[in-house]
Structures are given as structure tokens and as C-alpha cells.
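Presented sequentially are two complexes of subunit A, the first with subunit B as partner and the second with subunit C.
Let's turn to the complex of A and B:
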């Protein structure tokens, strides 16, 4: 019974954290953009402009809602809902830290440790397409439809390379698809078999190519620059959310930041050790378990914040691709590269196991 | 008891959504309800302890194939006026095909026996490991043959796309 209450509390906390991270990502994005372009950025609402996300949210809520007369009303409302729900669903399989212990009971900081964790992530990411497609189509606007088609064909193209790059990791991970075992195995063992730093056995050192492919695909899945052709404002006005106003537009934009947060989390769990950090075994010896657990949560969030920063850094540095370049990169470069990477990983594993 | 309630809810959902696919006039609605139908079938897989099959079902059908279907339907011009008149030959062909399909289903249903719903005894039955083992040992030949089929379909698609130039 206690476990159920704990799980419900965990779901609520992760929900609130996702929303909070997304809200402050908008602030962070504007501040980082300002920093990179030698400006000041938002500084009016509260100290250092820290209340800016709240002001933005209030503005979104209070604006007039316009539903185009000719659009399909129900699907028009359903679009942003699906996008938001699929964005929030992925966090269920992420292990957020070492287990906490209260009164002799261990509480895993993971909502659901299903044995198909990474496939669940890929499946839910694939469903995000529907929010975009339904929204773009129901707007009954040619620009919105074009944006939706671009977004969804981009997302289903890059999903393939993403899945292929994950297979290399699965091969190394003894075929376990659970994200929990994936993170745990990165915390045990020696790096390359001889460098003895605890909690440093990260997948990125073994699979840099897969990591690079995965990160590029994550950018494409989130529709972020340099792959934000779905809403390239110079050609398509705003892409699939051209007709949206008020909080429905807010949901789309917000869900995009949640997607970014979740992709940063998945990248750090799969390739950068999740909650593991160098010297974790030493700390476990000298400190109580719960404090180490709290530190591990903080470390995971540090990695997540770094990757969110990385997303923004790229956005304000690299210009947008052309659509044919995007498709060529996805199908003719990343796809074969990930397959070759998978083959080489398999061959090397067989070589070493013999 | 709990799983029985979930089973009946899922079954009702899958039957109703499958009926909506056939009877609704708006093709977008029928595509969307087909997706709901796939989800409820994935739910049945989870009830049978086959999480792997369930998620693969969602990734392949709901995540890829139905997206392409939705693509096509959305790009069609769905005005009443532009709808082409269907010739009666197509209707006859559709009736014959549907009738044949029904015959097959009836023939396969004739030998089945209805048993009470129960959760499977072997919990690892639908896991990745056991599915992979049976695919690559017991059913290796059908597996390879179907992959050759997919390969030929892919090559065919590439050839068709190249012809345009």
C-alpha cells in the first residue's frame, strides 16, 4: 500500500518537475540566446527576469481563443492534448536516482521498471507525431498542413536511425532493454577493463558514434534547430501551429520544451551514466545511503541541465538545414552509419567473448 | 477478477473502435479509431504478459504504418463534390474479397474452443529473450523468408521512386 502512495507521489513530483523544467527552459533559452547574441535578455519581471515564465504563462491563458470556423473542432482540440500527453508519458521509465530508504523499505526512484524500457521510450516518441499531424490537418490551413507533413516525415525518418543506434547499446548491455539495468551497468565495472574509477563506466566511451547519432536524432525528434523545418517561420509562417492561439499554442510550445527535457534525460541515462558519477562507491562508503541517493539525483539533473543548455547552444549557433539535406542526412548518412556501427559492435563483442 | 474487468473493457473498446473504422464516413475518424483499436489490442498483449509484443505492435502499427495512412488520407481532397464515382465492378470485387476473408475466418473459428480467460502460467513467455530464441531457432526459416519479402518490397519501393527522374 505504501508503495502505491509513494508511486503516486513520485508521479506527481515528476509531473511538476517536468512542467517546472519546461517553464524555466523557456526563460533559459531566452537568456542563453541573449548571452550568445550579446544582449541582456528578459530582465523586467522579478529579479533577473526570473518571473518571466509565469508572466508568459498568464499571458497565454488570458489571450482570446480562436478556433477557425472551417476546421474540424474536435480534432483541433485533440491535437495539442495528444502532443502534451505523449511528451509527459516518457518520464515513466526513467530511473531518477539511487533508491531511497525509509524505515527499512526501499523506494525505487522510477515509476515503472518495465523490461522493455527503451522500446517504450521509442514507442511513445513515435506517438508524438499524431499530435502534430492532427493539429496541422485540423487547422485547415495549407501552411499548417505543410508544416505537419514536414514534421511528421522528419520524425518517422529519424526514429529509424535512433532505434538502430540504440541496438548497439543493447548488444553491449547483454540484451536487456530496461533503462534501470542500463544505468546500473554503467555504474559498475572498470572503464575499458582497466581504468578503475567507480561510476565512470559510461556507454559514451564505448559507443561515441551511437551517442552522436542518438543526439542528432533527438534534435530532429524534438523539431529543434538545425532541424526545425516544421515551423520555419520564413517559409511556413509558423508550421503546424499557425492557426493555434492562446493556451493551445502554449501547450504545443510547452510540450516541445518537455520533449527537450525528456530527450536530455534519456541521453544522459543511456550514454552518460544516468545518476552515476565518478567516485560514487567512495561516497557510498563514507556517507549514509539516503544522502548519496540525493546527490545522485542532483548529478542526474546536472547532466540534464547541461544537455538542455547544449540543445540551446546548438540552436543559436547552427543555421537551419534545407529539407532535402535533412532527408539525405537521415536516410543516407545516419541510417547506414548506425547499421555499420551495430555490425561492428556485434563483431567486436563476439571477438572478445571468444 | 480485476484482470477480467480490464479484459472486458479492452475487448469492448477494440470491437467498438473496429466497428467505427468501418461505419464512419469521415476517413480521418476511421484512421484514428483504427489507432485506438491497435492500442486496445496492445493492451490485450500486455494482459497476456507479452510486453515486448505489445510495444512492438504499437511502434510498428500505431507509430509507423498508421502515420503513413494518416499522411495519405490527409493529402486527399476530402470534398464531397470531388469524390469520384465508384464503378460497380469495384463493389463486386470488394464483396468477393470480403466474402473470402469471412470464409477464412469462419473456417478457422470452427475448430476453436471457447475457454475461460486466464493469465498465462509462464511469465517469461512474451519477453524479448524468449521471442528472440523461438524466432531464431524454431521459426528461423519463416523468419528469414519474411525478411526476404520485406527486402523485395523495399527494393520495389526504391525502384518506383527512382523512375520519376
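Let's turn to the complex of A and C:
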């Protein structure tokens, strides 16, 4: 019974954290964009402009809601809903920290430790394509449709390379798809078999290529620069959400930031040790378990925030790809590379196991 | 004809493997952007901090009075003649007895108007003026909702006695330039 209440509370908390992170990502994006361009950025709403997301949200809510006459109204409303729901669903399989313990009951900081973990993430992210496609199609606008086709074809193409790069990790992980076991295995054992730092056995040290492919694909999945040609929000009409206004547009933009948050989480869980940090075993000896658990949550969020920053940092560095370059990179470079990486990983594992 | 020695021959050479990877170039670019994160910001928080104007900034005009508060302008019309944008209009009038405390010369401008939308702020009126009467200042012409309000009359142009406009910086600069 306690476990159920705990899970419901955890779902609520993670829901709120996702929304909060997304809201403050918009603020962070504007602030970091400004800093990287020697500007100051929003600083009028509240101290350091910290209330800016609230002002933006209020603005979005108060805008006029326009549903085009010729659009398919139900699908038009359904589009942003699907996009938002799928963005929020992914966080269910993420282990957010070491288990907490109250009154002898262990509480796993993971909503559902399902054994297909990472497959679930990839699947739900794949569902997000429907949000984009339905939104673009229901708008009944040429440009929205073109934008939707470009965005969804990009997302689908990069999902392949993403999945292939994940397989290399699965091979190393004895074929377990659960993100929880993935994170746990990165916290135990010695790095390369001889460097003895606890909690430092991160996958990125074994699979730098897979990590790189995964990060690049995550950029493409989130429709972010350098792969934001489907939207080009800075100069073109906005791609699939051309016809959207008010909070429906807000939902699309918001869900993109949630996607970014989830991508950062998955990257840090899969390759950068999740909640593990150097010296975790030592801290577990000298501190109570619950405090170490809280530290591990903080460490995971530190990693997530770094990767969100990394997303923004790249956005203001690299110019946009052309559509043919994007497809060539996805199909002719990343796909073969991830397959080769997978084969080499398999070969090396067989070599060592014999 | 060679204009500068900065011209570079364009080479269309094959890229090496490292260059085709793009990753070194991307990391180089990211290093550059991260350096900007710590640079001094160039923005000014405008209403709180205002950028200092040059001493010879050419903004809204002022019609000067002399030390005793008499208007310098004698309505000679040189400013209107010199104005390339034809923004200045004036009517001259003769000074009556008893008005000596108002106007310095025997003739004065009864009406003096500058159309701030026509004006190009070139400063030729100020150079043409023989009587030290008109100067451009570092004040910015305020925005209005209607065009008519941009035609500034004497009420807007002549300096108030309790709010004299300091143009000494400007005069000093001109004396340096002219000598």
C-alpha cells in the first residue's frame, strides 16, 4: 500500500519536475543564448528575470486561440496532446537515484522498472512522431505538411541509428534492456578492469562512438540545431506548427523542451553513469543511505543540467544542416557506423569471454 | 588592380579525413562560443544605465538665450537657407520698445519652427548661425503619435530660463576643430 502511494507521489513529483525543468529550459535557453553572444538576456521579470517563464506562459495562455476553418479539428487538437503526452511518458523508466529507505521499506526512485526499459523509451519517442505528423497534416496547410514530413522523416531516420548505437550497450550489459541494471552496472566494477574508482565504470569510456552517435541522434530527435531545419523557428515559418496559436503552440514548444530534458536524462543514464559518481562507495560507508541517495539524485540532475546546457551550447555554435546533408549523415554515416560499432563490440566481447 | 593585400586565393582542395569528420572543427567552434560565455557583456541595461553621448552628438535643437535671458536669434534666415532638408521656417518681427529684455537684437523671430521629421540632424544650421542662437544638443527627439506634433515651435525650441541647456562642451569642440 505504501509503495503505491509512494509511486503516485513519485509520478506527480517527476511530472512537476519535468514541467519545471522545461519551463526553466526556455529561460535558460534565452539566457545562455544571450551569454554566448555577449548579451545579457531577459532580466526584467523578477530577480535575474527568473519569473520570465511564468510571464511567457501567461502570454501564451492569453493569446487568441485560432483553429483554421479548413483544418480537421479533432486531429488539430490531438496533435499537440500526443506530442505532450509522449514527451511526459518517457520519464517513467528512468532511475532517478539510489533507493530511499523509510521504516525498513525500500522505495525505488523509479516509477516502473520494466525489463524493456530502453526499448520503451525508444518506442514512446517514436510515438512522438505522430504528434508532429498529425499536427502538420490536420492544419491543412502546405507548409505545415511539408514541415511535418521533414520533421517526421528526420526523426524516423535518426531513430534507426539511435537504436543501433544502443545495441552496443545492451551487448555489454548481458542483453538487459532495463535502464536500472544499466545504471547499476556502471556503478560497480573497475574501469577497464583495473582503474579502481567506485562509481566511475561509465559506458562512455567503453563506447565513445556509440555515445557520440546517440548524442547526435538525440539532437535530431529533439529537432534542435543543427538539425532544426524542419522548424527553423528563427527565420522560416515554423514547420509543422505554422497554424498553431496560443497554448497549443505552447504545448508543442513546451513538449520539445521536455523531450530535451528526457534526452539529457537518457544520455546521462546510458553513458554517463546515471546517479553514480566517483567515490560513491566511500560515501555509502560513512554517510546514512538516505543522504547518499539524495546526493545521487543531485548528481543525476547535475548531469542532466549539464547536458541541457550542452544542447544549448551546440545550438549557438553549429550552423544548420541542409536536408540532403541531414539525410546523408543519418543513413550513410551514422547507420553504418553504429552497425560497425555493434559488430566490433560483439567481437571484442566474444574474444574476452573466451 | 590590387586594392589591398588581404585578398586570398581560393583553394578547392580535397578535405582530409580529419576535416571531413567535422568533429575537430565543431569542438573548435564550441571552444570559441564557451569563451564568449565569460566575456564582458556589451549590453547596457538601458533605462537604468545610459550610454554617454559624444560631446558633438547632434540631437534636438535649442534656441539659446544670452546671459540676461534675451533670445539670441535675430531671424536672419541663414539657418533656413543652409538647411538641406528645408525643415526650418521662420517669421521675423521688429522689436517694440519695452521688449529689450526679451530679444537681444532689434529684429527677432516671431515664429520659428523646425519640422523634426524633415530634419536630418546635419548641423548646418548651427554652423550657419552668426549669432550663437541655434545649437544641436544631446537630447533625443521624443516619439509622438501624430506627425503634426513633430513640428516644434518656439515653445519647444527656446531654452527655458530655469532649465538652461549647456552647450559649452560643443563650443569647445568646435573651437578646437576650427583652429
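To be clear about the criterion, the second predicted complex is superposed on the first by the 350 of 354 C-alpha atoms of A that agree within 3 Å, B and C clash if a C-alpha of one lies under 4 Å from a C-alpha of the other, contacts with A are read in each partner's own complex, and residues count from 1 in each chain.
Just so we're on the same page, a residue touches a chain if its C-beta (ideal position, glycine included) is under 8 Å from a C-beta of that chain, and two chains touch if they have at least 3 such contacts.
Quick caveat, the model's predicted, so the values are computed rather than measured.
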Which of subunit B and subunit C A:318 touches, first, second, both or neither: second
When both partners are placed on the shared chain, which of subunit B and subunit C touches more of subunit A: B
Which of subunit B and subunit C A:35 touches, first, second, both or neither: second
Touched partner set for A:2, first subunit B, second subunit C, both or neither: neither
Which superposed partner A:159 touches (first subunit B, second subunit C, both, neither): first
First, second, both or neither for A:133, with subunit B first and subunit C second: first
Doubly contacted residues of subunit A, that is, touched by subunit B and again by subunit C: none
Subunit C partner contacts - residues on subunit A that touch it in the complex: 32, 34-40, 43, 313-314, 316-318
In the complex with subunit A, residue positions of subunit C that touch it: 26, 29-30, 32-34, 36-37, 39-43, 45
Residue ranges of subunit A in contact with subunit B within the complex: 72, 75, 114-116, 119-120, 122-123, 126-127, 129-130, 133-134, 137, 145, 148-149, 152-153, 156, 159, 175, 177
Touch list for subunit B against partner subunit A, complex: 28, 32, 35, 51-52, 55-56, 58-59, 62-64, 67-68, 70-71, 74-75, 127-129, 132
